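These are the structures, in structure tokens.
The following pair of complexes shares a single chain, chain A, combined with chain B in the former and chain C in the latter.
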Partner chain A sequence: MRAAPEWLAPSSLEEALALLAERGDEALPLAGGTFLAALLNQRLIEPACLLSLARIAALGGIEGGEELRLGAMARHRDVELSPLVREGWPAVARAFGVVASPRVRNQATVGGVLADADYASDPPAMLCALGARAVARSAAGVREIPVEELITGYYETSLRPDELIVEVRVPRADRAVYRKFRTRSHEDRPCVAVAAARRGAETRVVVGAVAGRPQHFPELCRDGDAAEIGRRYADAIEPIADVRGSAAYRKRVIAVEVRRALEELAT
Partner chain B sequence: MSRESILLGRVRYSQDRELPGMLHARVLRSPYPHARIVRVDASAVPARAVALTPDDVRGLGVYGCQIQDQTVLALDRALHAGDPVAAVAAATPDEAEDALALIEVEYEELPAVSDLEEALAGSVLVHERIRISDNDAAYFGIRPEQGTNVCHRFRILHGDFEVGLEQADVVIEETFRTPAAQHAPMEPHACLARWEGGRLELWTGTHTPFNVRSDLARVFGLAEEDVRVVVPPMGGSFGAKTFVHLEALTAALARKAGRPVRCVLPRSEEWVTNNRHPALLTVKIGATADGTLVAKRVDSWIDTGAYADCGPGVAQKIGYSAVGPYRIPHVHVESRCVYTNRPPNGAFRGFGATQAAWASERAMDLLADRLGLDPLELRLRNVLRDGDVFCTGETVRDVHFAECLERAAAAIDWGQGRSGKGLCVLLKGMQTPSRAQIAVEAADGGGYTIRCATAELGQGSRRALTLVASELLGAPLSEISFPDPDTDIVPYDTRATSSRSTYMMGNALEEAVRELRKDGRRGVGEFRNSGGLDPDTGQGVASSHWHQGAAAAEVRVDEETGLVEVVRLHAAVYAGRVVNPPGAELQNEGSMIMGLGSALFEAVSFADGQVVNANLSDYQIPSIADIPDGLTHDLLTKPGAEVHGLGETALPPVPAAIGNALGSLGIQTTELPLMPETVLAAIDRRDGGGVR
Partner chain C sequence: MRVRFALNGEPVELDVRADETLLTVLRRDAGILSARESCGIGVCGACTVLVDGRPTSACLLLAPLADGAEVATAEGLGPDHPVVRAFAEAHAFQCGFCTPGMIVAATALLAESPSPSDAQIRHALAGNLCRCGSYVKILEAVRRAAA
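And then the complex of A and B:
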């Protein structure tokens, strides 16, 4: 019979990082719990201790400037509704705003959605397209990890067990769009997600929910019209098959949705 | 049960019932779709937990509401992935689950029947012999085909199909499929059992307390009076909680433990306990050039899984529902219920009418297309009207199919262009024959008590009957109480299914109140409907009155991805007289929303005989965000008319209405659900010129 996990609830970041340095392998950070609670309830994981981030004020907050700063504990709903985000980074507000339902968005956090690295999440593709960086801290120091390099595969990240995501920094773009293509309920995760951003002469297109990590091919975006780039993405990606669609179907949708994202970006 | 108490979480459902000293049960299930059970060893389970193994239940009776094919645990063979092979009761659910891991089971895998085609090939028999049940749910003449996997065959012979076909100028033949679906009620199956002085007492969410009682009496060799079934309100059911599911196993555990035991299914186990029947229907229909139907043949096969449950009944209802509410002189129907090594399938809101309407009404639109006729015109030309004879030989009365169709069509502006629009009309029977009894007592402290077996599953039956009682008694609602049904106290009722309770019990109540007036203390009323069908000819009385409805849908299709957006959806349902208007409206809306799920994305998926989407993320049901802005409905009423049940009518016509809306764009689909991928394939067929 398992024992209930030990409950750690530090009130400062330093304390949390010290605990992680000491017990990184057995202490699991708990943010909004929308991902972890399902695993715990089904007993798919049985951690020795849970490290709640809820009391750490330094992890909250949303601030603007040259870059947008999203605290790791900012909730999806906060990002979605923030006037600052809507004004300066409307596509980010949208990508967080189309996640699941208000119930989930009131709880799910910015750090949680990046750290769980679910292949079918919405925000990662958008953050990749904007060239966002996660700021990771440990007792030993700080480093910035481009979101593109943070998520390395299905539920895998380049975070070390003693590190916490403390915030995400999102540069501005001239224009950005996010398109979520669902095949079932409106509260479903995407079957295909396309994020596109334009900054000066550079256009970035990232496709989410079709493989272990967001799919980005800078060389395919350099020339050609929207339809051509869509076809190239469809050719370049080896999509997975799941309950939301087969691999062959996803390829067709990628071509269409990338084209539509680029057309929208051009308006 | 007031709305406040529901919203505030004060209602105590079966899963909340407790008794002193109660243990919690968990079930060990076969990982294989078909396997010989060589050995079950529970010796490692600690003494403070109680393990139930096949040897404990070998001597108990066999049960099954229509076919006796179930034992309390799988004895020598496990017949589906998820079949219970052992169970444990312990102080907490987690402790019980930990103990399951200590039970060793040795299996020898056997070849499995994974779908209808394999079942009909017959090289593997799921059951060696098929024994018809003596439960009163097996009332309709069950026709097993021994030595095959067909546990029931229902037939309709009306006129002479071959002769009729010769008169046809146009004939359509097509095959349609519907997948398994999951009911997904908020409260899973839950049951609490206790033995008291040799009597078995159960608190269980079920629509069928008397059928459960007789099956359990059989299993334990008791007199029916020595089994007591109490039915707390259910947190939803949609048909999932009809007949025995957890009850036998929980009772056997409680007997072995010598203590009360409660079993609440974890969500994932719902998908291996009861689903909707997958169906395969081939429809051949012929008409003369002016659009008069002359002949129809339906061949239907439903997959009932490893245990028949009420599958034979579903096959019978599909048999006549798939003919549809039409005047057709020559009809031949063969409807079979087939075993496979899949989890059992049973009653699901609509009881076969959804699968039947999907096939029958899609075929009508294909026929209209071939004839070059407006689909509404074709239907109105052939639809049953008062005094017409149905394929069962019965004369229909008080029918309003034409009016339902016209109302539904008008709601989506049918007259102003038909592109992207589709219709479906529905006929659904009510349990016939059946019997309902109800008692009304004058309570000691004033006021009245209703004693009746009608279960509350969220459909609002208690409220509806309390309203009727209040009117008949001339007493305010606050003076009428309606305790949980208890088979020790309430008089007999067939069951709370097929949208019959308000109608049947409402009628019985009138007599009960008259009797109470005479007696002063207690009055009992009874209402029966009579009829039934010959299983070999389908002739007789299918239904003492008809559930009637129609749906109309308007869609927009993203032709590059196949994504369907339902812009408008309207259901028109004949209600006769409405007892509880808000309740009636909610039934219509709930049915339509459930229909949307079936139409667009709900399907239980299997790989290697295992359910692979047994959670509410991989299996999705509609959310509030999926409801079209244009979701509307009508209740057709008639002064002085009978009450008509409304629990199901607006669901079955929804998928076919949406399928027909796609058909109007040349997108011809035959298989549910209408996932974008399926629709895109149909668009490809259309554009490739290969459309049938």
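And then the complex of A and C:
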């Protein structure tokens, strides 16, 4: 039997960052554990050491103001139900509220869904459309990474092994919408996800779940009506094929769902 | 490593590996058999338990994360609990494999909203799968328990 991983559960962020600086190669950060437990159950990973963030109070919390601040350890369900988020950033509450089942949302965290960079997750496309930034800290310092630069490809991020996401900052928008198109069951991941946000004269449209990272084409949104922009997105994206839909099917859905998102945005 | 939590109101202390799930140790060391493993990846809900009142897939929760929590399973409810009775009276099962998970998920819903709408019930139980397809009667049982 393989050796059990060591369990580290620091109660301060400084301690956690020091541990990562020292043992970044072997210590794997653990948030809610929904992604990591499934990998452990299937023996797909055998980490030497798990670094639990659960005891670090500074990583929890949801605060509002000019910008929304979601602590890395805030759970999906907390974001979904937070009166502050529902009031000021309703599309964010929605994007977190349509993830999987209540069970998964009770456990999965804001930092976890960004750091695991699963192409078929809901919140990343919405956060991208709103121009959100992840705040990453290491023992050496702090930096802000726009979500669209954080997720670089399938399960890949621009985080360094000694960095932790500590919070996500979400600017306000005049209006934002999130549409999740599912092909199998209600609690499944999206086949095509479309997030759109309008701020002043600027409209951002981001398509999720169709490629390694959220798809955003600012130049395609500058003119044209909703149907036209939908067709441009469908032309610009090279979608993947998976159990939720073929590439050709996804192209057709992208055109329709982008149009619908823009129509909803205009109401 | 040692993990301590309250299990159906009683304190327990278990020896676990850091990569074991709560489901594994509940079944192996704590005599809890109502939570069952079916998918093992968070999809089916057969392993649902309440952790601090929230429905959770015990198959996805690493055991050390339960340290200090209140864990509740169907064993803690007993045969006279209104939700358990409602499931029996509505015949809300066939093989019964999914039933404990459905029951604990329903108790959490009713604690939050004592008179849920059908839509709320469906939402709360979406993700608890019943291979026998007893959904219509499960819905009826939850309505009955709420009444």
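Observations on the structure shown:
The definition used in the following text is that the second predicted complex is superposed on the first by the 266 of 267 C-alpha atoms of A that agree within 3 Å, B and C clash if a C-alpha of one lies under 4 Å from a C-alpha of the other, contacts with A are read in each partner's own complex, and residues count from 1 in each chain.
The rule is simple: a residue touches a chain if its C-beta (ideal position, glycine included) is under 8 Å from a C-beta of that chain, and two chains touch if they have at least 3 such contacts.
Predicted, not measured: the structure shown is a model, and the values here were computed from it.
With chain A as the common reference, the superposed partners chain B and chain C clash. Judged by the touch definition given at the top, the superposed model places A:Gly33 against chain C, while chain B stays out of reach. Of the two partner chains placed by superposition, only chain B is touched by A:Ser246; chain C is not. Legend: residue contacts after superposition of the two complexes on their common chain; A:His186 is shown touching both chain B and chain C.
Touch criterion met: A:Val104 reaches chain C, while chain B stays clear of it.
Shared-chain residue A:Ala227: touches no atom of chain B or chain C. Between chain B and chain C, C contacts the larger number of chain A residues. When both complexes are overlaid on chain A, the residue A:Ala4 reaches chain C alone and has no touch with chain B. Legend: residue contacts after superposition of the two complexes on their common chain; A:Leu84 is shown touching neither chain B nor chain C. Once both structures are placed on chain A, chain A residues 42, 101, 186-187 are touched by chain B and, in the other complex, by chain C.
Partner chain B is touched in their complex by these residues of chain A: 1-2, 42-43, 101, 181, 183-189, 243, 245-246, 249, 252-253, 256-257.
On chain C, the positions that touch chain A within their shared complex are 1, 17-19, 21, 40-43, 45, 48, 51, 54-57, 59-62, 64-65, 105, 123-124, 126-128. Per the touch definition, chain B reaches chain A in the complex via residues 94-95, 97-98, 268, 560-561, 563, 600-601, 605, 612-613, 617-623, 625-626, 675-677, 680.
Contact residues on chain A toward chain C in their complex (touch as defined above): 4-7, 9, 30, 33-34, 36-38, 40-42, 47, 50, 52, 54, 77, 100-104, 106-107, 186-187.
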